[in-house]
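Next come two complexes built around chain A: one with chain B, the other with chain C.
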Partner chain A sequence: MSDVLSAPHVMEFPYTRSTGPVVGAFLTGLRDQKVLAYHSSDGTVVCPPPEYDAHTVAPVEAAKLIEVASEGVVTSWSWNPAPRDGNPFDRPFAWALVKLDGADTSMLHALDAERGAIETGMRVRIRWAAERVGFINDIACFEPAGG
Partner chain B sequence: MSEPVTGITTPIRMEYRYTPGRTTSDFLKAMKGGRMEGRRCPSCRKVYFPARGGCSMCGREFAETVPIKETGTLATFAVVNVNFANRVIDLPYVTAEVVFDGADTTTMVLLRGVSPEEVRMGMRVKAHWIPKEEWDYSLANIDYVEPIDEPDAEYDSYKDLV
Partner chain C sequence: MRDVAIVSFAQHSQRREDTRNEVEMLIPVIREALEPIGLTSQDMGFTVSGSTDYLAGQAFAFVQALDAVGPWPPISESHVEMDGAFALYEAWVRLQSGDIDTALVYSFGKSSPGDVARVLALQLEPYLLGPLWPDAVSLAALQARALLDSGKATEKDLARVVSRSRKNAQANPYAQLKGDIDEAALLDEPLYADPLRKHDVPPVSDGAAVLILAAGDRARELSSNPVWIRGIDHRIDIQSPGSRDLTVSPSTTLAAKKAGVPKDPDIAELHAPFSSQELILIEALGLDETRTSINPSGGALAANAVMVAGLQRFGEAFNRINKGDARNAVVHATSGPCLQQNLVAVLEGSN
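So, the complex of A and B:
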C-alpha cells in the first residue's frame, strides 16, 4: 500500500442575488445609516424586516417599513476566539444578537469588545462602515455604547 | 449613489485539503507515469476504469489491478452547443463516453478530430495525451480521444454502457 495523495482544493461561487423589495429597502436604509424594521400584524416590530408577515402571511410592503434606533441591547452572544477568512475581524471578537431600541427581535452581527466586558444586557451601538454600498457590512460591527 | 439596492454579490469560497483515498491515489500515480490502470471486481469480474475501491454492483473490494489500453469504443456522446462560463473549447464540441479496451465502464472525455455530424456510437477512438513534461496526478493527462481507422464496434459490445 502506497501513500495517499492529497492536494489543496478551492471551490468558489461568485453569486449575484436579487434582493427583492424588502431586503432591498433594508440594505438601501443601511447605506443611508438607517435601520428599517417591520411593524407586524401582531404588534411586534421585527428587525431585520421579513418579506412576509409571520401571522397573516401577507407580503410586507417596503414603503411601510419603520425606522428603529442604531443603539440597542445584547440579548445573547458567542465568543469567536479563532477568526477565519471572511470574518469581519482578524482578531478574536464576539457574534452578538442585538435588539435595537424600537424593535422586539434581535439581529445577528459582530461585536467589537473585550471578552471580559461583554454581557447579556449590555448597551451597544452600530459602528457604521466608512464606505457604505447597500450591504449588511455597511454595519461594520456593534460596539459598546456605555451607560 | 441614490438608486435603491436591488442586487448584491455574495461570493462563497471554501478551501479544502482534498484526499482521493487509496485506490484513486494509486490510479492517479499511474496516470502521472503515463499508465492507465483499472481494477477488477473479484465477484462479477468487471473492470472499472477510472479505478474504484470497490464494485458498485457487488459491494466487493477490488484487489486486482488491470492495465487498460489507450484505444476504446465511443459508447455514447453529447454535442455541446450551449455557451457557459469559463469555457475553453470552441463550440460546438463533442463530449464522449468511451469504454477503453480492457475496461467495462465508460470514461467521459473530449472527442476531437471529427465534426459533430460524423460522430456515431461504436466509433473506435484512441487517447491523445498532453505533453509528457506536463503529466500530473490527473485523468486530464488524456487531453482528448480521436477517431482511428478501425471498423465500428458491434452494438452488443457496448450496449450495457449507453
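So, the complex of A and C:
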C-alpha cells in the first residue's frame, strides 16, 4: 500500500484581462515615460485616470487625457515589514500615495527610501523600469527627488 | 416596506480550525441557529451565503458549502462573494417581494491555511493596484497615516480603541484577543506596519455565522422578541484609494442617512478590522462614545473571520437586543480596501 496517488494543486485564478481604452492608454503612456491623467468634470485632475467620470458617470475619452509630471509629493505612506510575492521589493519597504505635479489625486506605488527619511509631504519622482512594456511595473518605484 | 426581523443567530470563531473543513465547521452552527425556532433548512423560503472562493483557492468553493445546509430536495438559494452582511441585505430584499416569510443567511471563512492579507490583494482593481500585490495591512496603514496626519486622531486615540476592544472582548467567548489592557501599555509596543502597531491589526480567524430572518407575523410567531431591521442601506466610494479622502467615509454617512440611524443608539457594532477605521466610522455615523456603547462584543479587532465578521456584527447586536440588554443598535459592515463599501442597518427590539 505504498502507492499514494497525488496530483499538483496550483492555488491560482489565472485570468487574462484586457485593459480597455483608458487604462490601456495610461499603461501605454508609462511605456513611453509619460503619465496621463483625466481632467474631471468637477475641475480636478485625476491620476491615474478613471474609466468613467465620478460625477457625471460619462465615459472618459482617451483622446482627452492630459499629461502630468513624473515628480510629485507623498500624501500618505506606510511601512511594509513583510514583503510578499509580487511586491516591487523583496525586502521591507514603504508604500506611498503620491500626488504628481499637475494632478489632484494620488497614485499608489512602492517608495525606495530609508524608513527614517520618509515623511508626508516629501518630494519624490518616478524611477522608470529599464524595460517597459505598458504595465504598472514600468514604474519601478518612487524615489526621493532632488537633493 | 415589509417589516423584517432577525429571529435567531449562531456563530463560531477561533484562531485556527485545524481539523474541520468549511462544511464541517458550518453544520453545528446552522443546527444551533435553527433549533430555537423549531424549523429546518428545508422550511426556509430563501437561503443565501457570503464567502470568498479566494480563501479556499478553488473556484465555486461556495457551492460545496451548500452541503452544510442540505440542498436536496432543491432549495432556492444564492451567494455573494462578500461578507455575510451583504448576503443578509440580499435576503432582506428577497423578503420584500412578499411571497416568502423566512430566509437563512450564512457565512464562513477559513483564513488560517493561507496568507489572508495577501489573498485580499485579489479584491483590488486588477490593472494598477493588483499587480503590485499591496496587502490589506499596508493599505489600512496608509489610511491610518492619512488620519493621523489630518490631526483628527492621535496614536493615543488608536490605543483607546484597542483597549476598549480588548476589555469588551473579555465577555465574548468567540473573541481571540481580550484582556484588561490600558492605553499606555499599548503605546509602549513597537510600530509594526508603521504607523500601525500589531494590536491595531485584526487577528487571523476561522469562523462561521448563521442568521435567520422572518417577515411580519411570522417573525412574531418564531420569537418572543424579534429584532426588527428598521432600516438598511449600502453605498460605495470611489474605487481608487488614492482618489478619495481616506480620513472620511461618505458612503457610510450616506448609508446611515438612508437607513435612518437614530440619535444616540444604545449600541453600535462596527465592522472595523483596524483601530483607525473605527474612529473614521464613529465620525461618519455621528456617534457619541459617551452615549453609545461601541462594539460591546470587542468587534473585528478581537476576532476577524474574513467574510463572517460583518454578519457577526448583526448577530452580536441581535443577541443584546433580544435579551433586553439594549433597545436599539446601529450595525455596520464593510467590504473592500480602506472602507471602500459600507453597509449600515438600524435594529430595534419589539419590547
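Rule of thumb we're sticking to: the second predicted complex is superposed on the first by the 135 of 147 C-alpha atoms of A that agree within 3 Å, B and C clash if a C-alpha of one lies under 4 Å from a C-alpha of the other, contacts with A are read in each partner's own complex, and residues count from 1 in each chain.
Just so we're on the same page, contacts are C-beta pairs under 8 Å (C-beta built on N, C-alpha and C of every residue); 3 or more make two chains touch, one makes a residue touch a chain.
The structure presented is a predicted model; accordingly, all values stated were derived computationally and were not measured.
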item	value
Partner chain(s) touched by A:135 [first = chain B, second = chain C, both, neither]	both
Comparing the two partners chain B and chain C, which touches a greater set of residues in chain A	C
Touched partner set for A:57, first chain B, second chain C, both or neither	neither
Touching partner for A:31 - first (chain B), second (chain C), both, neither	first
Which of chain B and chain C A:120 touches, first, second, both or neither	second
Partner chain(s) touched by A:17 [first = chain B, second = chain C, both, neither]	both
Touching partner for A:3 - first (chain B), second (chain C), both, neither	first
First, second, both or neither for A:86, with chain B first and chain C second	both
Doubly contacted residues of chain A, that is, touched by chain B and again by chain C	9, 11-13, 15, 17, 19, 27, 85-86, 135
Chain C residues touching chain A - in the complex, by the definition given at the top	54, 57, 59, 114-115, 117-118, 121-122, 126-129, 131-135, 137-139, 141-146, 149, 191-196, 238-243, 246
Residue numbers on chain A that touch chain C, as the complex places them	9, 11-13, 15, 17, 19, 23, 26-27, 46, 48, 50, 54, 75-82, 84-88, 95, 97, 105-110, 115, 120, 135-137
Contact set on chain B toward chain A in their complex	1, 4-22, 24-26, 28-29, 137
In the complex with chain B, residue positions of chain A that touch it	1-19, 24-25, 27-28, 31, 85-86, 133-135
